[in-house]
Every structure is written in structure tokens, then in C-alpha cells.
């Protein structure tokens, strides 16, 4: 069966550090896959490998059967894979609408400028930024910039959306808003969403499946429940509740 | 509780037009280990940056040993003994470990105790001692973190602030480093810790602040905080 | 055959001076990511400083070099505070234009004061004869001094507290500040040192060739080439880059018309920049 | 486009350039000729610096190479002026495209340095290349002006052609800014990595804009040196003029068509005034340098940026 | 600043004579007050100014019954061509110049020349030897210098006479003027049957000549001729000395004629220069001062011995003055006609302009001399005219003995 995306054994080393080590997974359309793991576990690197920002040392990435391994990011985008950045990258000196129009113009559908602008407006409504469309991106709050990241990625009508910590740093109201956005997107477009997230509540409630990365390796994959109760996951990521006691005991 | 050495009073700060801290206040007692916990983006790192002056507070005051140091440049605060081990280690990658330690002791006060402090660092971190002549950039993540803490110690700190020490370290290494921090505290050093590994941080700390949306949400003895279910829920999502 | 050998020796001698001139540029870039377009003007000022010390002041030109260096340092610190400090960390266009503006001001003043006619510093040192060829004595002395200064800088950067502080600021300004290093002052000092070296390089060049206020421009361009050969921001690489450039000039010139040398040099420059943006040498840097 | 006020501002500018010398006389024409050439350089450089964020220190190479090739076509191959204009523009654009694919892999200061290298390499190559007259350059016989009605009439024709190139530069800058392509360029300027992740084919876009930004300066080069009567490599590839073009852009404000045009015009007038003024002529370089320093340190947005800060309306009107 | 003070002083001293002028004659030109040609351009400007002040002090130029005061309008061309045309047009249209002088250097003059043609103004060109400009069909250009292709003729004549078997190295700046000179010299050497063993240009920005000098040694050349302008020429001479080159003759363009050349000391000794004019030449002028008078007055004012750039500047003035007086009018065509007819001797030598359509305005009357830096009995360096031998003030030292 051809998956929306199929990642087979990708690895990447950075000057001696094995950032990602032989990771394999797949996703199908309409699925939300959560990616969790401690800071420095290689989640963002994995995103970069999949989205073509950096080529993997080993392994293969196919999208709907087509090999996109090591393809330039813009070509990956053209095939329908869009992403956001953990550290937001707004096009600062351009308005919110222009930012999103870029996504619409150069995404999978390559809309002409006029159409792209219309589409961008629609997406801005979806993410709740429509009233700020003429504001320069640099002037948005952090929450606004996160929404902008999502909007830009969505504007290209992707088949697969990679969300890198879009909830981090948002206050509870904003988190709720963003979760709503993600739900809407899935319902309306039925695309696949791969999301890196620390906020467990959100991950657990949104994801169909969750995978856990630790030290560049896949630690576990499964339903949210399975993962949350997986002992290794608890130790590596959620933290070993007993470790503190162990620490105290040693002295 | 012993005498307060560092006081943060209603500090507001941020980056450009984005305000992160909305009137954060906290107190660091001398000779104790204080920790700040909270979600990503809650303003923990920004608090440390405001204290050290990397971020200039737009209002509020930083009081260190009774003096208002809010407007002092970062390096002057380091000279006074307000030393931060920054997130991501930030070593001088092209310089040797020894040179990194030497740079830690740049200030006149620190230089006076150079030999003693070097010995201390080597004592706490035998691994660092083995690597003195190696380029800092070539060390492993754990070793780099040791050098970063060691470099901070070289500065003869009165308050040593450490930002996200366990980031990207294996649980075992993290544990070892925390053990070292505990020893340092027991030797009388004042520590202020920002940590994602809440369990460890709270287990180790004497006093804890929980930060959310740029404000202190809750504070209290670490033990109490760590047993507060509300905190567990808000921070861990469990 | 001897001709080629002599040509190469000549090239290497001059190359050491290219290297010294480039060290000032690359040091400044390495520490504060500023490409100093006033570099040539500073070299030219060094030439004139030597001229006035040696000719009007009656000093031995070589003994005047320390004074030129000190003058260059002071001038460099002043230029830093006037023109460079505010553009540190901003888009590179800003620092390029700020330093270019400084260059315009210096060249303009220099032209008004000294016109653009050549000046000469007379030095009589017997040369070394190799067959029918002679290697001029002042070239030998200048090359030795250039290498000594480069070595002194190396020792300074690697074995003194201030030197290490400069490297620390270059490596990570914020961390340096956190360790109590007054980074702004260190930047000003590093800029001053860079300019001081440029001025001394200018002064050494003045002992070799007649010069005008515009003469620095050519050495600025050569410094760019050298810097790229040695790796932008890498002072140790700059000396090697300079020697390599001198070597290339020396090796190439017997075989093609010398007017083609710049074509070769600058084409090489562009190609190396594209192929090896970090330079050809990895000396003195980590990893 | 016809509804936009800025379009009509451009039309009015061009009309003014056409009409003013007809009434003002030849002196006015000469002053406007150089101003127009500077404006062309600044406007096209703006496509690289203002739109794409790549600091091209060597934009003069297009001007010089265009001039060299065009004058070669006219004097050696006997082409008429119009053919030389087109021929030079096409060849320069192709060369720029190839070169762009190479050097635009570099970013920031590295790119800026590479463009300086390109100017110097080209200059010394042309100086040694005998078919182009080597360092002696190429001289245009008065007979070459005959087809245009003699040297005197030729000057008017050349002037109007330069204005046409200026008009084209204004229009090009405006249309690119309003286009999908331009949007992609702006995205590259703001954050190239983000732009690529949004689907902008950055390497291609950059090479294309580098090439496009070479066409009109190449034509201006042909016209300038055709009028000049002689082309010599050290005049044609003057690095200083390249840097001055950046200064013009800074003066007017980068990123806007209006700023580039205004900067080119204002700079020419200002330098011309300093140069011919009895009081300042000795220190014109110093004064120009000091002014530049002040702009960089205190008004990096240039004149347009200054206007925008005060009246947000100008942001909408002045593109 | 010094310049400013000097000119104030001069203008103050010149206000004295109370001659009433009917009108001004305006002569416009640009000069390289800044940029790389400044050193070469300045003596030429001084020549112009000396002439102007003398003419005005003597009552101005007489046209019919009117006396006209000479007025200069000059601008800085920054040694670059970009503004030359604009400035010359301004001179013609806004400053109402009646006549034009050229800028310094062949390149800038070629650029300016086109304006003289387009606006129908007579332009006396000086400091611009390149010949091509005169083949383009100009009507109003008149060249004061012997054209570039003949620059080194006297030097080669001297070699031919002294040492026909000499091996000659032709080493020159890769620039318009020097290249034209070298091309002409090579042809002329061929005609004389001399042996040119090396022919190579160097980049104008060259400061280190050792690569090329090593090649000269390798080639076995005994005579070196070439050079370019002052900066490169003086550097070349200095390195020839420092590298202890054993050459029998060194002849360089321009540089050795500039008074500052003496600063090179021993490096200057024996170096010869093809010169448009030397203070020692003895022509009997049809009009204007003698060489001795000119030299004396120039020295009194500028405290240096004039070289040929200065003389060329001054001569441009008296030639124009003479033509205007002959024409009895300021009308361009009448003055041009007077210049076309001119065949006269001045302190600067014979002056005659080609009148053919193909090379109108080219200087055909003037001959160059060869001057050499020699030491007098006290060992003091000075320039002597050494060729043609008949006009010489001293014999050519050949080979140079150091």
C-alpha cells in the first residue's frame, strides 16, 4: 500500500553527534501523528530531513510512492508537504497577508497572485488572523506568529502538514484556539498532520497515533494511551518520578 | 529562610515588541538552591536574561546584595558575582577547555582565586580535567555542559544561575550533574536553576517558583510544589 | 630556471606583506563580522604616517613603525566609536556602507591635504644577488618584519588574557559578556588592533614603493583575495593566504604577461569563494 | 495598474524628463542625462538589494560590459545603435544568468565580496583583451553618429533612449514588485530558508533577478559610452560607481521604486552641486562621505523610510 | 589649504593694474583636482594659470580694438570620465565659455573632445598625446603634444646611433596612452631594425615590478623603454635601482619629467625621458616668451623647474591667444581657421596642426627631445637635453654607469 508518506531508516550525523538514527514511520491521509520526545532528541532534525531542509545520510523518504529523499525543500513543498518552524520565521517586513500569499503562490497549487490572495484571506479566517492581515509580520505577538506559520503552510494546500511546536509558549486560551485550528484543518481538508509537541494534553487529545523519539531513535509508537503508559517513555520523556527519590537515596 | 541575596522586583521585559515578562518578582536566598519551573515560553529564560542584563527590563528592579544593579551592563554584573551558565552551553568552541575556564575567570575578583577555582572545577568534574587541552567544540554534549558549569564556577559566582542544564543529556548524566549541583549547594554556593526536568529540579531545590505567562504563578518550598497536583497537571499535562 | 626561483622568492616576500595587510581585515571580520571597506584608506594613512615620521620627523623608518602602529590603534578605536559601533550586529550592508563612508572621508581629506601625487620614503639597504637577479634588501627586511608582527599577533591572541578575550568575544559575544568580559570595549580594541596592523602594513609598503593616498585601494582588493584564500575571519590563515597569493604571482608571472595577473587573481578569488567559502586553510580554528 | 497613483507618478516623472530639456535647454539635458543613468543603475540594483536582499557591490559590471559589447558591435562590427543595444543586453543577461547561478550560492558578506571580485576580474580581462581594444579602449568615429543625423542630433536621440530605458526601469521595478515573482523575491529577502520551505525556488529566482537586473544597465552602458565617444576599461568598470549606486539606493531608501529613483536623482544633483560649487569642491568627497555615514547610522531607511515613518499614507502611494 | 592661500595671495596681487577690459574671454576646462591623475594634471593647470595672469597683467588679449580679459572656469573631473561631458556642456551652455582647454590625459580628452565638436567650440588639447581622437572627424580639436606613436622616436634614434645591436625591452602601463606609445615605438624600432626582445604591459595599479623585472633580466635586455604615468613610472625607476638592474639605457614616459622625480635620488640617475619640452631647449619664438623667460617666471611663482606638462599648458594659452589675435574675432570658425593656418615657432617648439579630414588637429610640427637625469660637477641631479644631439645640452650617457 502507498502511504501518504513513508520514511524508511533515515539517519543524520552532525559533527560526531548522531542526531537521528534509523528512524522509520509512515502516515496516511487524514491522520494526525504526534511526535514527542525530550529536547535534543532529534525531533526537529527529523522534520528537516523529511522536508528536504537537510539531506539525510541514510534512508529514504517517499511521498505517495515518489522518492523525495534529499529533494530541495521547494520541490518537496510543490509535492504537497508543508511545515512550520519551531523558532518562527516570519517574513518580518511583509504584511501578514503577504506572508500567507507567499505560501499560496508557491505551494502545491502554485496559484496566481490574485487567486493566491483570495485563498490566503480564507486561510487567515481559518486560523483567526483575518483582522490582522495588514499588520507587518514583525509586529505580531508570539502567538500570532505561530498562527502565521500555520497559515502560511496551509495556504499551499498541502497533503501533509508538519507542525513544529506550534503550541509552545502560548497561553491556555491561545492553546485552545490553536487546537481548534488544527481540528478544523483536519476536518475541512482531511490532510495528514505530523506534529511535534511538548504539551501532552494537546498531543494526547489530538493525535491518532503518537511516536516517541529519544536520542535520535524511535522509542515507541502507538495510540496515545499505549505510549503514555509505556515505561521507557515515562522514564525518558515524562521523567522518572522515582528518580528524584533515587537521587536523594544515594547520599 | 536565610538572607536574600538576589531580588527581582516586578520586572517587565521582552524582545522588541513582544513582551515576555509581565511583572515577575522573586527572591533568591543565599546558600540555597532555588528553581524556576514553568512551560516553554513562560519566561524562565527571559527572567535569567533580565537578571544578567542580556535583556534590558523595561520596568522593575534587580537588587543584588542590597544594591540596585538593574542598569549595569552584563559584564559588570558578572564581575559582581551574578553569573549565568546559559542555555545551550555557549562555549567558546574554537578555544581549548582550559582557555574557556580561563575566560570564566576574566574578572579581577575571579582571577584572584584562579588556582583555587580551577582545582575545584577539576575536583567536581574529573572529566574536564582530562580534556583541558582539547577544543571545547569537539567535546560531547555532556562534557560541554560540564565545562559550561565549570566556566561559571571559575567566575567566582555569588549566585550561579544555570539555564536548562539537563537539555539533551542522558538521564544518567543529568543525574550526575544534579548530584554535583547538590554538592555545590552544600558547600555554600547560591544557585538559581531553570530546568525542564521538573522532577529532578524540584527534588533538589529548596525553594521553587512556578512561572506562567511571564508572572510567578505559585511559589513555595520545593517539596510542597512538587506534591501539588495542580502543578503536575498544568506543567506535565498529566 | 633561476628566473622562476627568484620570481617566486620575490612573490613570497611580497606575499608576507599582503598577508599582514589582510590580517587586519580578517581579524576585524572574525571578531565583529564587519568587512572594513576603509581598510585601504587605513593602509594609506599608515603610509603617510611613516612618511611624515621618517621624512619630516627624521626618524629611522623601521624605528617609526611602532609609532605608526600605536597611531593606527588609536585611530582605529576612534573610528570604531564613530562609525562602526552602531552598525555591529546589523545587516551587513550597513557596516559595509558605514566603513565605506569612513573611507570616503579619509580619502577626501587625504587628497585635499596631500593631493594624489606619489610620496617616497628613501631606504638604502643592499640587496642580495642571485646570479644576474637581485632581491632588494628593503623587501627582505619588510617581509621579516611582517612575519614577526604576524607571529606576535598570534602569540598575543593565543597567550595573553586580552588576546584570549578577543577570541572569546569573536566566538560568542554573549557568553563572553556573561563571563565578565566587557565585550564592547574588547571589540573597540580588536578594531584598533586590526587598524594598527593595517597601518603598519601600509608603513612597510611605503618602505618599498612610492605611494599616494589612493594606493591603499589596491592592497584592500588584494587583502580581500588573501582573506578569502585564508578563510574570512581567520588571522592565521591570512598570512598563509598572503604567502600563497605572492607565490601564485611569482609562479605565474614568468609564463604569462604580468598584466594578466589580476585576471587570474580575481577569477581565482571568485572561484575559491564559491567552492571553499571557509578558505583553503583550517589553521587556528576548531573542528 | 492604471488605477494606482504611483503609476501616474512614474508617468509624470518620465514626461518631466522628456519635457524639461526641451524647454530648459542643453545644459538641463546633460544634467538630466547623468541623473537618468544613475537612476537606472539604482533602480536595477534595487531589484537585487531592495527586493532580494543580496548586496551586489559589482552592479557596474553590467553597465561596463554592456557598454563594451555595444560599442564593439557599433565600431567593429558596424551594427546600428538599436541592434547594439539589444545585442549587448541579451549577451549581458545570459552571462549574468550563468554567473548568478554560481555566485548566488553565497550569502551576505561573501556574496558582496564575490561581486567585487567579478568587477575586478572583468575589468582586467577587458583591459587585456585586444578585440575590445584592450586598455586603449574603443573610439567612436563621428561617422557613427551620421545615421542619427550627426553628433548634435545623436545626443538628443541618445538622451531620449536613455529616458526610455529609465521608463523601462521604473516600470520593471514596479511590475516586479506587484508580481508573484516579486513576492517570491521579497520572501527570499526576509528569510531565504523560510522562503524555500514555502516553495520559493530561491536559487533560480535569484539567478533570474540577477540577470534581469543586468539588462537595462547594460543598455544604459551602451548609450552612455556611445554618447561618451570612447570607452576604456578603467572608465567602464569603475568599482566606485558601483558603490555609489548603493549609496544612491540608501539615500532614497531601498526596496521601493520611488526610493531608488529619488536616490539616484538626488545623489547626482548633490554630487554635481558639490563638485561645481566653489566652496565645497575641495571637500566634496568628505562631505558626501559624512552624509552617507549619517544616513547609515541614523536614517537607514533613507528618504522614503523617513517619509514612511512620518506619514503612513506614503507607504501606500510610493511603491 | 595651501593651494587656497596661494591663490588668494595671487588674486590679491593681480587686482593692481587698472586696465579697463571691454569684455571677458571665458576659457573652460576640467582638471583633476582629485583622483589618480592629480599629480600629472596640476603642472598643466599651473601653466594655464601662469599664462592667464600674465596676459591679463599685460592688458589682455587684443581683438580688433578691444582688450579682453581672460577668465577661467574650471571644474574638478575627479580623474574619471563619468562627469566630464556634463561638465564641459555646462562650461559651454551655462558658463558661456568661448574656448575650451582639454582635461589631462588621453582618455578624458577623448571624452571631452566630442563636446567641442557638438557645440562647435575650439578646444586646445594638451596632456593628451593619444592620436586616435583626431581620426574621428573632429573639426575643432587642436593638439599641442607630439602624438603618442612618435613619443619614443628620439629615444630609439639614440639607441640606433649608440648601440644598434642593443636588446630592447618594451615595458609599459596597460593604459590607453602608454599602449599607444608602445605600439608606435615597436613599429618605429622595426623600421630602424632594432631588436625588441620583450614587449609586455603591466596593470596600471601595479606597485611591485619585480616579476616583470625578473623577466627583463631573463630576456637579457640591455635597454628598457616604456613606463606610463608618474605613479607607476617612478615606482618602476625606483625598483630598477633597488634590483640593481644592469641596463645601458632606461627611458620612461612622463614620470622622469615631473620635478618630483628627483626625490628618487640615485634611482633617478641616468633615466631618460621623451619630453615635449625642456627648459634648456633654445627655440627662437615667433611670439610669446623664450624658454628661459618662461622657466624663470614659472619658477618664481611655483618654486619648481617646469616640466613639459607645465610648458604644454602655457603654450596652449599663447597659441590660442595668437590665433584669436590673428583671427581678430572670437568666432569659433575664424579662430579655427587661424589655428589651421598656424605654422609658428614658440618657446615650446614648432606648432603646426594637420588639416586633412582624416587626422584634423593632430600635431605635426612639434618634435620631441630626449632628456636625461645627470649629475653636475657637484654631484647634484639635473635634467639635460641629450637628443637630438644637435639640440642637446649634454651628451647622452650611454651606457649608464653607476
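Residue numbering begins at 1 within each chain, and the chains themselves are lettered A, B, C, D and E in the order written.
Everything below uses one rule, namely that a residue touches a chain if its C-beta (ideal position, glycine included) is under 8 Å from a C-beta of that chain, and two chains touch if they have at least 3 such contacts.
The model shown is predicted, which means the values in this text are computed figures rather than measured ones.
Visitor: Please report the smallest number of touch steps linking chain B to chain E.
Guide: 2
Visitor: Which chains are shared contacts of chain B and chain C?
Guide: none
Visitor: Name, by label, each chain that touches both members of the pair chain A and chain C.
Guide: Touching chain A as well as chain C, we find B, D.
Visitor: Determine, using the mean of C-alpha atoms as each chain's centre, which chain is farthest from chain C.
Guide: Farthest by centroid: A.
Visitor: Looking at A-D and C-D, which one has the bigger number of contacting C-beta pairs?
Guide: If we tally the C-beta pairs in contact for A-D and C-D, the bigger total goes to C-D.
Visitor: Which chain has its C-alpha centre farthest away from the C-alpha centre of chain D?
Guide: B
Visitor: Please tell me the distance, in whole Å, between the geometric centres of chain D and chain E computed from their C-alpha atoms.
Guide: 36
Visitor: Which whole number of Å gives the spacing of the CA centres of chain B and chain D?
Guide: The mean C-alpha positions of chain B and chain D differ by 54 Å.
Visitor: Counting only Cα atoms for the centres, state how far chain A is from chain B in Å.
Guide: 31
Visitor: At least two partner chains per residue is the criterion; list those residues in chain B.
Guide: 138
Visitor: Out of chain A, which residues touch more than one other chain, so two or more?
Guide: In chain A, nothing touches at least two other chains.
Visitor: Would you please write down the residue numbers of chain D that are in contact with two or more other chains?
Guide: Those would be 124, 127-128, 282, 284-285.
Visitor: Could you please write down every pair of chains that are in touch?
Guide: A-B, A-D, B-C, C-D, C-E, D-E
Visitor: Please give the residue numbers of chain D that touch chain A in the complex, ascending.
Guide: 178-180, 183-184, 186-187, 189-191, 193-202, 255
Visitor: Quick check: in the complex, which residue numbers of chain D touch chain C?
Guide: Residues 49, 55, 57, 102-103, 105-106, 108-110, 112-114, 116-118, 120-121, 124-125, 127-128, 243, 246-247, 250, 282-290, 292-293, 296-297, 300.
Visitor: Report the residues of chain D in contact with chain E in the complex, numbered from low to high.
Guide: Those residues of chain D that touch chain E are 25-27, 30-31, 33-34, 124, 127-128, 134-137, 139-143, 151-152, 155, 227-230, 232, 234-235, 238, 240-241, 272, 275-276, 281-282, 284-285.
Visitor: What does chain C use to touch chain D in their complex?
Guide: Interface residues on chain C, with respect to chain D: 29, 33, 35, 37, 82-83, 86-87, 90, 92-94, 96-98, 100-105, 107-109, 111-112, 221, 224-225, 228, 232, 257, 259-260, 262-263, 265-267, 269-270, 273-274, 277.
Visitor: Contact residues on chain A for chain D in the complex?
Guide: These residues of chain A touch chain D: 51, 53, 72-75, 77-78, 82-83, 85, 89-94, 98, 101-103, 105-108, 110, 112-113, 116, 152-153, 156.
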